[in-house]
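Shared between the two complexes below is chain A, which pairs with chain B and chain C, respectively.
Let's turn to the complex of A and B:
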């Protein structure tokens, strides 16, 4: 397996809080890598640095061998790195289809002032996208009428519309009802595998991590405490005590 | 009451017609101001100067067209072209040279910068057009007058103010709403307005959106000014009074609310013109009395939504 994303020596501090304190991480082509760890460990900061929203004070990030630090977010998107947000930012007054069509059109790149949002090819691609996520029945619902699970999926679908090679997801199942979580994870695994997308996701739910992740990176105070195959890391006594501790119950199915 | 109407009916009718036509002009300026604020979060004090420059340019263009011996109808396209020209020149210049550098700065600094720009543009106007009033009412005379029946009276009112101005304002309102709601560019503008981070995350170039929006807003201000030039002579200071009035409309409506700006413009336009006819000493304060009355009850404006910051 080849390295798709390579971060070296990332350092970032907000005042006294160290969000990244010498982060070295390789993301392999095709893998699903979970980032776990307590709040404030710097997990989201890693996503923000990789996608151009935060500039580390030191270090480098290479995507496919090319340095990407310093590029603005939209140029990083064009290189093939997309992201979803912990709080999906859909346009509430537009339908799911219109939200998805915006991402399809943004990827198509060219827009003239009078072009309709739902011109046939955007609509067709957006519908196909929603269909793959099982969202087609909701296509004409307003985004502000959706439950959190559907909002998360729509937000991720918009990121997938950009045809990324690497997708970074910030807590894809947070705020989703427990009964819906696994259905969302199954959908994500299916769609991302099919599209051949490498995924990095920040997650607090260890059941989701166990089902979704090939490898797990444990974050703590801006450092990577442990990194390895999911089964191994999740069973590590120190990781269980330090990071997962409060999360009771069996971790692996 | 009946006696009052018999005595004052004609005045009331004139006040209403005047109010509607001035509301149409105020709306065009205010909607540009509110659009720019909604998208870019900058309250552009120099917006009124663009109105004044639009008015001066249109008056000059009209006079120039007449000096070339062009027919009177040419004054109408001259108005539209002047507005487009002012928007296309000043919009990109101001956005790229000035505003682009202060988007991430303190709102107080942004206000000071646009205020400085306003002061500069005031002097630029005096430099180019001098301080003598300019008048070119070719367009008003061209369209003639219409007899408006009002109760027992008939009011002859010029068609330019009665039909053309409200017609253009209505077209701007409907066109802008449809543009934002239905077209891809409109959708992109809304996306950037709602969440700039999320918009750039799908690869939208917010720089381009800001440039486009500001230029469009500048053109709307210039259009308001250009359309006003045949109805009143253009004098120094018109920019200042316009910006203050548009602020009142935008605050009354709720910042960033387009349809709200139409209603608020109508309220303030009518309120002011009724004051002009019945209590002239209150002309200047009436718009602010309306604004303060509305803000006391609804601090976010008539159509504003009180937002709690996410995260």
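Let's turn to the complex of A and C:
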């Protein structure tokens, strides 16, 4: 496996809070890497630095061997890194289909004032995308009328519409009812595997992590406490004590 | 939500245009008022584009005044309406591009105030450079030829009315196409989810700039028509109350569809004319009450009222 994203020596502090205190991380082509850790550990900051939203005070990030630090978010997206949001960023007054079509258009050809957003080819692509996420029945619902699970999936679908090689997801299951969680993650893992997208996701639910992550990176106070195959990291006593907060007992039956 | 379809809107627009022509035939003195109203409708259509992005410009009279003065200065050199109009509108669009590069960095109140400030700077220039602009006295505009023909007074008024009406139909149709395109649909994303656009690889600033330049062009068309119709331009065209009037009309007409600005502008000018005739000194009172009524009882403007009627009609 080759390295897709490589971060070296990232440092970022907000006042006295260290969001990144010398982060070194390689994301491998094709893997699902989970980032876990307590709130305020700098997990989202890592996503924000990688997508160009925040500029680290030191360090470097290379995507596919090319340095990307200092590029604005929209140029980094064009290089093939998309993201989804902890709070889904949908246009509430538009339908799910229109939201998806806007993302399709953003990738396929946005700057034409003459042709409709819902032109046949964009509509077809948007519908196919929504179908793969199981969202097609909701295509004509207004985005602000959806439940949180559907909003999250739509948000992720919009990121996938950009045909990224790397997708960064910020807490894809937070705010989703426990009963829907696994179904949602299963859906999105299936879509991402099919599309051959490498994924990094911040996650608090250890069941989700144990089931879907190839590797796990444990964040704590701006540093990576542990990094390795999911089974190994999640069983690490120190990780369990420091981060997961469970002393003993297996995570999965 | 069900919206009237394109065909329905087009029919309404054509019916409205026919009604205006009929009114202009029936009451010739209203031709002047209607031409001014249609011109303002064009400028308000530009305001609507910016409103879609959640931005309110309190300075768009700048472009109206700029284009009007372009006409006033160039009319002696090129006395041809069909040349003056596009020249003035393109000039306004160019100015809009220069200013837009700057103001498209700002949002909401800062965007509004930045436009207001720049328009007042321009107003002061028009007023103070007396030697060049003749200050508050303004400049008289000799009626230009139209398509090479020197027209009688009535013929000239009809020609300008026709040009204004034709421009409104074309501009409304183009604006509708633009608003349905990805660039137009992204405007409402600027209003609510601007960072999302950036993370989709789209420059929100560039998307707003396009709408801004288009709005300056439309205001320029309005200014040129107003200059050629009133045949007298003064700095008051660019005063802040003139900018406020455009926003007033946008709210009155409703921002839900491209017909709104024209409905609003025609209602505004007619109310003004008749209110001024009956209550010479306090016609603003009537206008104010009308707007208050619209805000309280029809928050989607006059277009919203028509839309509701259409929907009820279709259901029945």
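By our rule, the second predicted complex is superposed on the first by the 245 of 253 C-alpha atoms of A that agree within 3 Å, B and C clash if a C-alpha of one lies under 4 Å from a C-alpha of the other, contacts with A are read in each partner's own complex, and residues count from 1 in each chain.
In this text, a residue touches a chain if its C-beta (ideal position, glycine included) is under 8 Å from a C-beta of that chain, and two chains touch if they have at least 3 such contacts.
From a predicted model like this one, the values you see are computed outputs, not experimental measurements.
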Fit-or-clash call for chain B and chain C when the two complexes are aligned on chain A: clash
Partner chain(s) touched by A:124 [first = chain B, second = chain C, both, neither]: neither
First (chain B), second (chain C), both or neither touched by A:163: neither
Which superposed partner A:103 touches (first chain B, second chain C, both, neither): both
First, second, both or neither for A:51, with chain B first and chain C second: both
Touched partner set for A:87, first chain B, second chain C, both or neither: first
Which of chain B and chain C A:74 touches, first, second, both or neither: both
Interface residues of chain A shared between complexes with chain B and chain C: 51, 53, 72-74, 77-78, 82-83, 85, 89, 91, 94, 98, 102-103, 105-107, 109, 111-117, 122, 158-159, 162
Chain A residues within the chain B interface of the complex: 51, 53, 72-74, 77-78, 82-83, 85, 87, 89, 91, 94, 98, 102-103, 105-107, 109, 111-117, 119, 122, 158-159, 161-162
In the complex with chain C, residue positions of chain A that touch it: 51, 53, 72-75, 77-78, 82-83, 85, 89-94, 98, 101-103, 105-107, 109-118, 122, 142, 158-159, 162
Touch list for chain B against partner chain A, complex: 179, 182-188, 190-191, 194-195, 197-198, 200-206, 212, 310-311
Parts of chain C lying in touch with chain A, wherever the complex brings them together: 1, 177-178, 180-186, 188-189, 192-193, 195-203, 210
